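Presented below is the structure to which this report refers.
The first chain written gets the first letter, and so on, giving A, B, C and D; residue counts start at 1 in each chain.
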Amino acid sequence: MTTFQSGGERGKKMASTCLGILDRLDSGEVVVGDGGFLFSLEKRGFVKAGLWTPEAVVEHPSAVHQLHTEFLRAGADVLQTFTFSATEDNMETKWEDVNAAACDLAREVADGGDALVAGGLCQTSLYKYHKDETRIKNLFRRQLGVFVRKNVDFLIAEYFEHLEEAVWAVEVLREVGKPVAVTMCIGPEGDMHDVAPGQCAVKLAQAGANIIGVNCRFGPQTSLQTMKLMKEGLRDSGLQAHLMVQSLGFHTPDCGKGGFVDLPEYPFGLEPRVATRWDIQKYAREAYNLGVRYIGGCCGFEPYHIRAIAEELAPERGFLPPASEKHGSWGSGLDMHTKPWIRARARREYWENLLPASGRPFCPSLSKPDA
Amino acid sequence: MTTFQSGGERGKKMASTCLGILDRLDSGEVVVGDGGFLFSLEKRGFVKAGLWTPEAVVEHPSAVHQLHTEFLRAGADVLQTFTFSATEDNMETKWEDVNAAACDLAREVADGGDALVAGGLCQTSLYKYHKDETRIKNLFRRQLGVFVRKNVDFLIAEYFEHLEEAVWAVEVLREVGKPVAVTMCIGPEGDMHDVAPGQCAVKLAQAGANIIGVNCRFGPQTSLQTMKLMKEGLRDSGLQAHLMVQSLGFHTPDCGKGGFVDLPEYPFGLEPRVATRWDIQKYAREAYNLGVRYIGGCCGFEPYHIRAIAEELAPERGFLPPASEKHGSWGSGLDMHTKPWIRARARREYWENLLPASGRPFCPSLSKPDA
Amino acid sequence: MTTFQSGGERGKKMASTCLGILDRLDSGEVVVGDGGFLFSLEKRGFVKAGLWTPEAVVEHPSAVHQLHTEFLRAGADVLQTFTFSATEDNMETKWEDVNAAACDLAREVADGGDALVAGGLCQTSLYKYHKDETRIKNLFRRQLGVFVRKNVDFLIAEYFEHLEEAVWAVEVLREVGKPVAVTMCIGPEGDMHDVAPGQCAVKLAQAGANIIGVNCRFGPQTSLQTMKLMKEGLRDSGLQAHLMVQSLGFHTPDCGKGGFVDLPEYPFGLEPRVATRWDIQKYAREAYNLGVRYIGGCCGFEPYHIRAIAEELAPERGFLPPASEKHGSWGSGLDMHTKPWIRARARREYWENLLPASGRPFCPSLSKPDA
Amino acid sequence: MTTFQSGGERGKKMASTCLGILDRLDSGEVVVGDGGFLFSLEKRGFVKAGLWTPEAVVEHPSAVHQLHTEFLRAGADVLQTFTFSATEDNMETKWEDVNAAACDLAREVADGGDALVAGGLCQTSLYKYHKDETRIKNLFRRQLGVFVRKNVDFLIAEYFEHLEEAVWAVEVLREVGKPVAVTMCIGPEGDMHDVAPGQCAVKLAQAGANIIGVNCRFGPQTSLQTMKLMKEGLRDSGLQAHLMVQSLGFHTPDCGKGGFVDLPEYPFGLEPRVATRWDIQKYAREAYNLGVRYIGGCCGFEPYHIRAIAEELAPERGFLPPASEKHGSWGSGLDMHTKPWIRARARREYWENLLPASGRPFCPSLSKPDA
């Protein structure tokens, strides 16, 4: 049983607040990312699937504040502004207010703990139709302007399915002197133009990204396969970059190059694919063993999944997150149950080896992706 | 496509605020219950599994407030105080503060909408060891004292696995003149002493319960089977009572008499069993067709599941819930997607017939319950 | 490891050749039945699905002879004439030749071992339309005439879905003084007129049947449930009869009252449901423990399934069947394999606990029966 | 519905009896192979799993004769001698008698139809330990001596997991002037020394093999993937050879490089993986479309699977096999069934789209291979 304390130990760590993301990673620290806002808030009633835009930051700020708080409590070292797709092309006039409010919300919560604020932007809806570098870079630049004004700690360019657009994003973000992380939403087969993960990583490093990896579209195990290829690509080219993974909270062994959006269950029937906390502990450990030091989640990652990362890597980090006060590691909270067969579940071997049933005898195990 | 408005129509309904639970049910109205607090807040980091006690109402009131708000937005007509197991035997000295704070939180949120507040109590941890009627009734009475002082709108005795203790609870709750609902956590096989559901319903009606049904421990379809037996029991005995169902949000076709706690996945590996919103629309429709008019959820029911009930029964109720502004019925929000095969999912037939895969090819469909 | 010898010990048993079926059962001996002819010979190319008539006995006698030989080698104590549906109503003029040839084939093979020949008849295609007792009994009588002329050792009336017609069959078969076994193709829910299994058994015993049970339409586990009900029915009524079970070789936990014919996989997609030899050893043991002493199979039962019965009950019977010379018990034949992980499968625990995968990730576990 | 006749049309084909295997393939004819002897005869009680040697040809010749007959009836154009592993290293003194008797049995049955006899040999048990070319080639040469003496029509070297040994076999078989087919038991990942399928095909063609492909160890779909790679390898090198596929009758999407022997179900729990006749029709069509013209099966292929190949390719071949007189194409034999929902299954769409359930709710879909 772990002997970490989620209260006292936490105090000591507060001292590192002033360290930036690169200081932390350079010193070998594990950085825990946060989870997914779009899917969590859709289930809570504040985001509309299909559009997937973050107007909740102005319409329902307390709901966004609450989710940030939960991720912080779960152990996140980074709170990402809820600004996904919050650009002119998707949100018209209110895009600027949304970005500003999102920065304020993230900062307010982050200040209550030891967390950094990362300004996040993603691929544009234009690129697919018009590969107009100037226009797209200007979109990024305008969103970046808000992040600079609000003084976020660093920047994340995420959810890019085309390497070229990701490189443009990195080039823009590099302009303001803050650390830049970039994650593509690609699987082991590479980007939409068949650029392999290793090659993507190399090009992104050459463009100046400090932290490189993947987020979204693929499940934990598949994302780690992609990370392995990225790592090998960087190694073979002799380039250096920190590695970062923020996978889906859904298992997707059956998805093709397009990722989970092509699975027939997307987005309203993914429930049976949701990872357990034990799946995520395994993911965290394997990511760590692979050399990834920035480990978080994307769509489908709830606060308890982030806590699972923080708990799995507590030996390396030296402390448990606040939310572990409400969680016995490996099910130990069950050891007082009145039924002996439930008490018998209060141990690591039980949960590590459990193959959970779906309770859906008429459903298959895997799906054939559309398209 | 539905033509209900979630904004304007909602206004009209506000007028019924002053109606009590029995007025509503007597007039044939559908009452939407709320969902589960313990499992939702465990995943958010505020409740500890195993203990399952609601100290979050005093420790993290904003988290509880937020969840109430989400259920209200999703269409709940009743906000239940988060007072599960909040009795002296489980919580020692702070039980009274927890009950009082829970009533205040529920009332504060309910006042922002058209919702009633129900004071909720459940079976004691004593009954299994000491069937001491006086002592147990006094436990109920003390919790009831807070509910009376805080002037809840009606009372719910829930999660009883033994008929006898449920009858005692009804007898106590009847003492203060407020409407009384009672739900047992039993399946079609009956209570722990093998009293059949029909007989349970009859005894509870004879004890004076106004609303009778089941909550928790069994999934949507299994709970409806039990409700059918309860309905037949009441009919055969010539007794009258309103029917109420608040099932798990997990599919449990494979659980035995003890319900989901005996499944090997309980409580940390239940993810693959989580119901989709479409499963819950089916549940709501079938409950309605069976004559049940108080329809809600228990553990595993998230806000979007409650919204699914409210959306399925919107034709009968005449309005959509506020949270439907962030939801296209039957996936219609996907109709603008850039990928044509995802646009093709924006229709009822697609989601109604989907058999969602688990993405877990090494896992079985059903489990053998322990014990 | 068993120490039975399939050669030497077999010699001793030859002495019991002259014992009839009732002598054997009365003395407590286990009688191993044979397996299914229709499905086996359909897969071998000699029977047409849909018609399911046994003209192969005259068209391809060597194929039928071969299958009898295989069942005998596998340990069958009874060879049943391949005369299913071989009545005037199904086969026109050639019915009599088919019955006679079938008796000769069974006898020829039986004489090479220690087996009895049972003349088998089944329900008519008339009963469903015309419940004409005289006409139906005359159909049975004509088929019986051949069995008497060919001097079969005893008679089996099998595959009856209506109790009334089964009683008629027993009444006819009783007329000639040979022992009579009768098996219905019903499940735990009873016959097509909702007569419960216990009641069926009682009526069949009262009609004079010596051996009573079920065959076909339901899988091993389901058939044993029905046998339990039959046994209880006989016990409660104070009647005596030997018990007999000849289940499908397919798993059918999901079929309704109509049995496997209503499953969507019937008859050309049942492969994933085929029982392993280990499933059948379990079935044999459980049948034995239930008091059933005549244990065989029906559709889907191949020779190796019959061998599994004979091997499981070898301790009780005192010898192994001839075909065990080509089978190591519990996989022991693998102990010389060059791959160590395959050698590791040469043990009982391995096969007893194996949960075999289907290799069909897009297929469900259970089906919804048609009708 | 097909209008081919299995009787009359067959007559016309008799004329081609005198054509050799290469004449047939050179003229573009489809050649249907036969199925698996080891697994079929193991289930019938004549072969012992683990050893997998063919002493049944002398011990139980009528059982072997019967299986040859069934494959011939099912449409096989080639009867392969049952001489798998029948070399000195596996069978000691009786190896020569077994080879001779196997040739006689195959010839006797083949003479009753329009079939060729192929002498079959496979990899030695020596190669893994001693890569002694001379000794191994001499083993092949001795077995070949019997085939020459018995005047088989052509030769098949099959079940080679190492390219080098397969090349040696081809070199030996080429010495006697008969056509030579060679099939490796490899999957898309290549042979045990990681030689890719395309490279294997090239080397085998260069060694002088006339017909090249795969048999055994992998299921229908996996084997076709390997064939595609072999075809591409030959094309890229500008070499010519006929293509041949004889896959398992089991689905093995989950097996690794070692094939089905490494699956935990091998060899006694493979039942849920058995292909349906419709799976095999799909396999036959896809093999044909890929340009493969010699299409048969290996372990797990029963006579009805071979019939499925012959029926699927009847339009191309111009006739149905004899056993089709006992088979309505695409389930048409069900069209007279008394239950309307079973009559409704008498059509191609039904069986083509059926996703058959396993009836095993506690079993997974896929397995993790051992080793």
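The rule is simple: a contact is a pair of C-beta atoms (placed from the backbone, for glycine too) under 8 Å apart; a residue touches a chain by one contact, two chains touch by 3 or more.
As the structure is a prediction and not an experimental result, all values here were calculated from the model.
Summarising the inter-chain layout, the chain whose CA centre lies farthest from the centre of subunit C is A. Interface comparison, A-D versus B-D: the higher count of C-beta contacts falls to B-D. Our note on geometry: subunit C versus subunit D, Cα centroid distance of 32 Å, whole angstroms.
Centroids of subunit A and subunit D (each the mean of its C-alpha atoms) stand 50 Å apart.
One simple way to say how far apart two chains are is to compare their mean CA positions; for subunit B and subunit D this gives 59 Å.
In subunit C, the residues that reach two or more other chains under the touch definition are 254, 355, 361-367. Considering their complex, residues 355, 357, 361, 364-366 of subunit B touch subunit C. Of all residues in subunit A, those touching subunit B in their complex are 42-51, 62-63, 66, 69-70, 73-74, 125, 128, 219, 250-254, 258, 261-278, 302-304, 307, 322-323, 325-328, 331, 333-339, 341-342, 344-345, 351, 354-367, 370-371. Listed in rising order, the residues of subunit C touching subunit A in the complex are 254, 361-368.
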